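For reference, the structure discussed in these notes is given below.
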Amino acid sequence: MIGKFPQLKRFKRHRLAVGSLAVLVVLAIVSLAAPLVAFIFGVETDAVDLMNRFAGPSLGHPLGTDELGRDLLVRLLYGGRVSLLVGMTAALAAAVIGTGVGLVAGYYGGRFDALLMRFTDGVISLPLLPLLIVLAAIDLEKVGLPDALVQSEQVSLYRIIAIVALFGWTTVARLVRGAALSVRERDFVDAAHAQGAGALRVMGVHILPNLVSPIIVATTLSVGNVILLESVLSFLGLGIQPPIPSWGNLLTNAQELIWSAPALAFYPGIMIFVTVIAFNFLGDGLQDALDPKADRH
Amino acid sequence: MNAPLLEVRELRKTFSLKGNRLFGRDAGVVRALDDVSFHIDKGETLALVGESGCGKSTLARMAGLLTKPDAGSVLFEGREISSMSARDLKPLRRRIQIVYQDPFASLNPRMSVGAIIAEPLVIHDLGDTDAQHRRVFEVAEMVGLSAADMELYPHQFSGGQRQRIAIARALAPEPSLIIADEPVSALDVSIQSQILNLMAELQRRYDLTYLFISHDLTVVRHLADRVAVMYLGRIVETGPGEELFKNPRHPYTRALLAAAPVIGRGKRHMGDTLQGDVPSVLDEIQGCPFNPRCWITRAPCFTDSPELEPVVSDPGHLSACHLKDEGRL
Amino acid sequence: MTRFLLHRLWQSILVLGLMSFVIYGLMGMMPGDPIDLMISSNPDITSEDTARLRALYGLDKPILERYGNWLAAAASGDFGYSRVHARPVLEVLAPALWNTLQLLGLAIFVSIAISIPIGVLAAARPYSRLDYAVNLLAFAGISVPVFWLGLLLIIVFAVILGILPAGGTMTVGDGGFLDRLSYLILPAATLTIASVGGHTRYVRSAMIEVLRQDYIRTARAKGLGRHRVLLKHALRNAMVPVVTIVALDFGFLFSGALVTETIFAYPGMGKMIFDAIMGNDFNLALVSLLFATTLTVLGNLLADLAYAWLDPRVSYR
């Protein structure tokens, strides 16, 4: 930890980043504890109560109820659970892919690097949402996946994580490649080569551990994007399918009810907004703290 | 007579500069090594001296099996290695170790010291884990580090200590040849002698062979058995250590000696000796490459490039100067 | 320079070619091909009929061959029929494209009109309060879910205040310029708000780069008034990044437009793509997706070119 101190100090200077971290931690805790919150308020999560539709805030229902009389706060928290988990998993998956690509490109350099970067640029240049929609709308049975998987309840979760990761790796790849290129120039990498170390060893033992900072920054910065993508797709009905709640699909119904209950559209959206902006601030602060020489544009 | 441990013959290496292509031509070639030959016998220390840009780093990398020459050959224990395949080279890499100049860059900051030292053993698969541990502690002790230090990380040590770690790493696989590329240049002067003494001690005890590269003659003085002076990619003088210091037979050597500070006497004034800066390695010079800076030039110096040849009075002492046999320079 | 241009062009064509095949294949994996739909609407169809129909439509051939056929037809201008609209694809595409261009045009125009002056001001006073605010707004802009923003605007202006329409292109029976404009305001505002932050930051950093150049200092030393220097010299050179923004944002705006159009029931390309995909309108979806991809790739190409033209120090890789 001794070496980490200067980074920690630098991080603390970013009040926005620190605040964001706090907000996210609270959010994570509360969302994960959704069942507990439900218990405290004496609410059953999916309890439909048609007598109590569109109720305003009250003691029993701190944020009111939705069109089926379900408690809004609890739905929101459960949705948060899903959105956060999906977001972070997808970001992690994207980070793994991106690190792999970036590391290999940065290590080998030359033509191989050029090729990989061309490919990455190609992926970046595609229109994201239309393609994601196509991917999300595919009939999974035609792809040849096992039936058990295709018909499971969680398939929409796996699918959305997979397709978002499929496009989200490019930022990490670029960042990691740049960092790998510069680490490669350091003497200890030369020493490993002089020793006869193979490519795998050099990449895994020498270069990768020195890429931890850019990887963390890139991944944090990508979580926000991932959450936005998931929420858009879920909103359009292509992401996380009901009955599994997510902030995105909570808004799907809200659109139809916009004239009768506008409040329903407010909460899930603000949660998305706050979460994403928090991750962005956090990532920005981390970038400053971990790598102050980074290009500040 | 036994073959020398390391021998290089007529090495040439050029780099082409990826220049400003907007102007339609390459920006030039750098002749890093231009017909370099020398040898090192087992157990001795050959010091390779020269200013920055003279090619000594390229030479170090070549001897360290990191680059291949464009022409010429490198022989290790009599065997030609410059054209060997990577697979055949690998066992040799164990026998030739490198100690780098910058102790802050040559150690992976994310690895523990013990892991760093053990790495050659791991790569060459020398012994099982226990044997490797033992060897690491053994070698740590040799360089003056404790067993407890093995758990720490490089940034927790000073420059001098980090260089000890680097030396320990080089010693671990029981090498025959150690290439020390400016091993003390980045250290404080007071620490330099500590490390030099350590290296001398280690050489004595374990019969090591050193190729010691430096730009500083004073550093080299006490450790070197033989010295080779490099200038612009060529060896301009080589000979037994003390002999070379007392009686340099090339003006460049003389100038280097004159510039070296001597404790108690202060830096000697260079004044009318060396003129100008090291010319760009891109320029083609007619005749002796040293003539732009030389103060004792004669006619042949501008037309014929002198060969490295023995001085009349001492066959073990070679110089590439037309005036090498003429009294005091 | 030409070498770079050709290289990037070649790369773009490659991407497009590859994507056309990929999209073609992906569309084939949509639930239900045309024959399946016929089956579900007419339970009397026999399996011989389906086999016959499949052969008729060429659906039984291997994918490469089908793709080849499609490509050949497309090359000669035949992009097929839209199943849902019962008209040639191009006929359906053209008006939708025009609608989207209107929307995007308005959004980009307003965004640039706001971001340039503010960006320049922020660049002139780095680290000031204004600068800080700009930075914050930029973060907010890239963090807000575009579709939610649209919903909020609808709630505020259509539901609560009732002064702007919630969707469509025009009021029945009207269609005049102002009327159409009123329908464009909310969707365009959504897109603008989402992108203005990023644009402002971009202008700001471009301006800061330019201001740092030595020649600006020279001009100042020559005694020109500070404002004149700013406006004349720096702005002219910061124009190119603006072009870059617009070109780069093509892709982003397309995606954003898709969701915005869907919310506002605005019949542009984005909504068309979405409806086509969801409605299994194979031909239309395929062609419009490819079109969107082409525009995005083109946009990136233009941005790269503009950037390279602006700064010859950029390596040609």
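Should a chain be cited, it is by its letter among A, B and C, assigned in written order, with residues numbered from 1 in that chain.
The working rule: contacts are C-beta pairs under 8 Å (C-beta built on N, C-alpha and C of every residue); 3 or more make two chains touch, one makes a residue touch a chain.
Remember, it's a predicted structure, so these values are computed and weren't measured experimentally.
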item: Leader among chain pairs (count of C-beta contacts); value: A-C
item: Chain ID, smallest distance between chain and overall C-alpha centroids; value: A
item: Identity of the chain that, by mean CA position, is farthest from chain C; value: B
item: CA centroid of chain A to CA centroid of chain C, Å; value: 23
item: Chain A-chain B separation of Cα centroids, rounded to whole Å; value: 52
item: Distance between chain centroids, defined by C-alpha means - chain B, chain C (Å); value: 60
item: Where chain B touches two or more other chains at once, by residue number; value: none
item: Touch list for chain A against partner chain B, complex; value: 2-3, 186-188, 190-197, 201, 205-206, 209-210, 212
item: Residues on chain A engaged by chain C in the complex (per definition of touch); value: 114, 117-118, 121-122, 124-131, 133-135, 137-139, 142-143, 224, 228, 231-232, 235-236, 251, 254-255, 258-259, 262, 265-266, 268-269, 272-273, 276-277, 280-281, 284, 297
item: Interface residues, chain B side, partner chain A - complex; value: 64-66, 89-90, 93-94, 97-98, 100-102, 105-111, 119-120, 123-124, 153, 155-156, 169
item: Chain A-touching residues of chain C, taken from the complex the two chains share; value: 11-12, 14-15, 18-19, 23, 26-32, 139-140, 142-148, 151-152, 154-155, 159-160, 166, 201, 205, 251, 254-256, 258-259, 262-263, 270, 273-274, 277-278, 285, 289, 292-293, 295-297, 300, 317
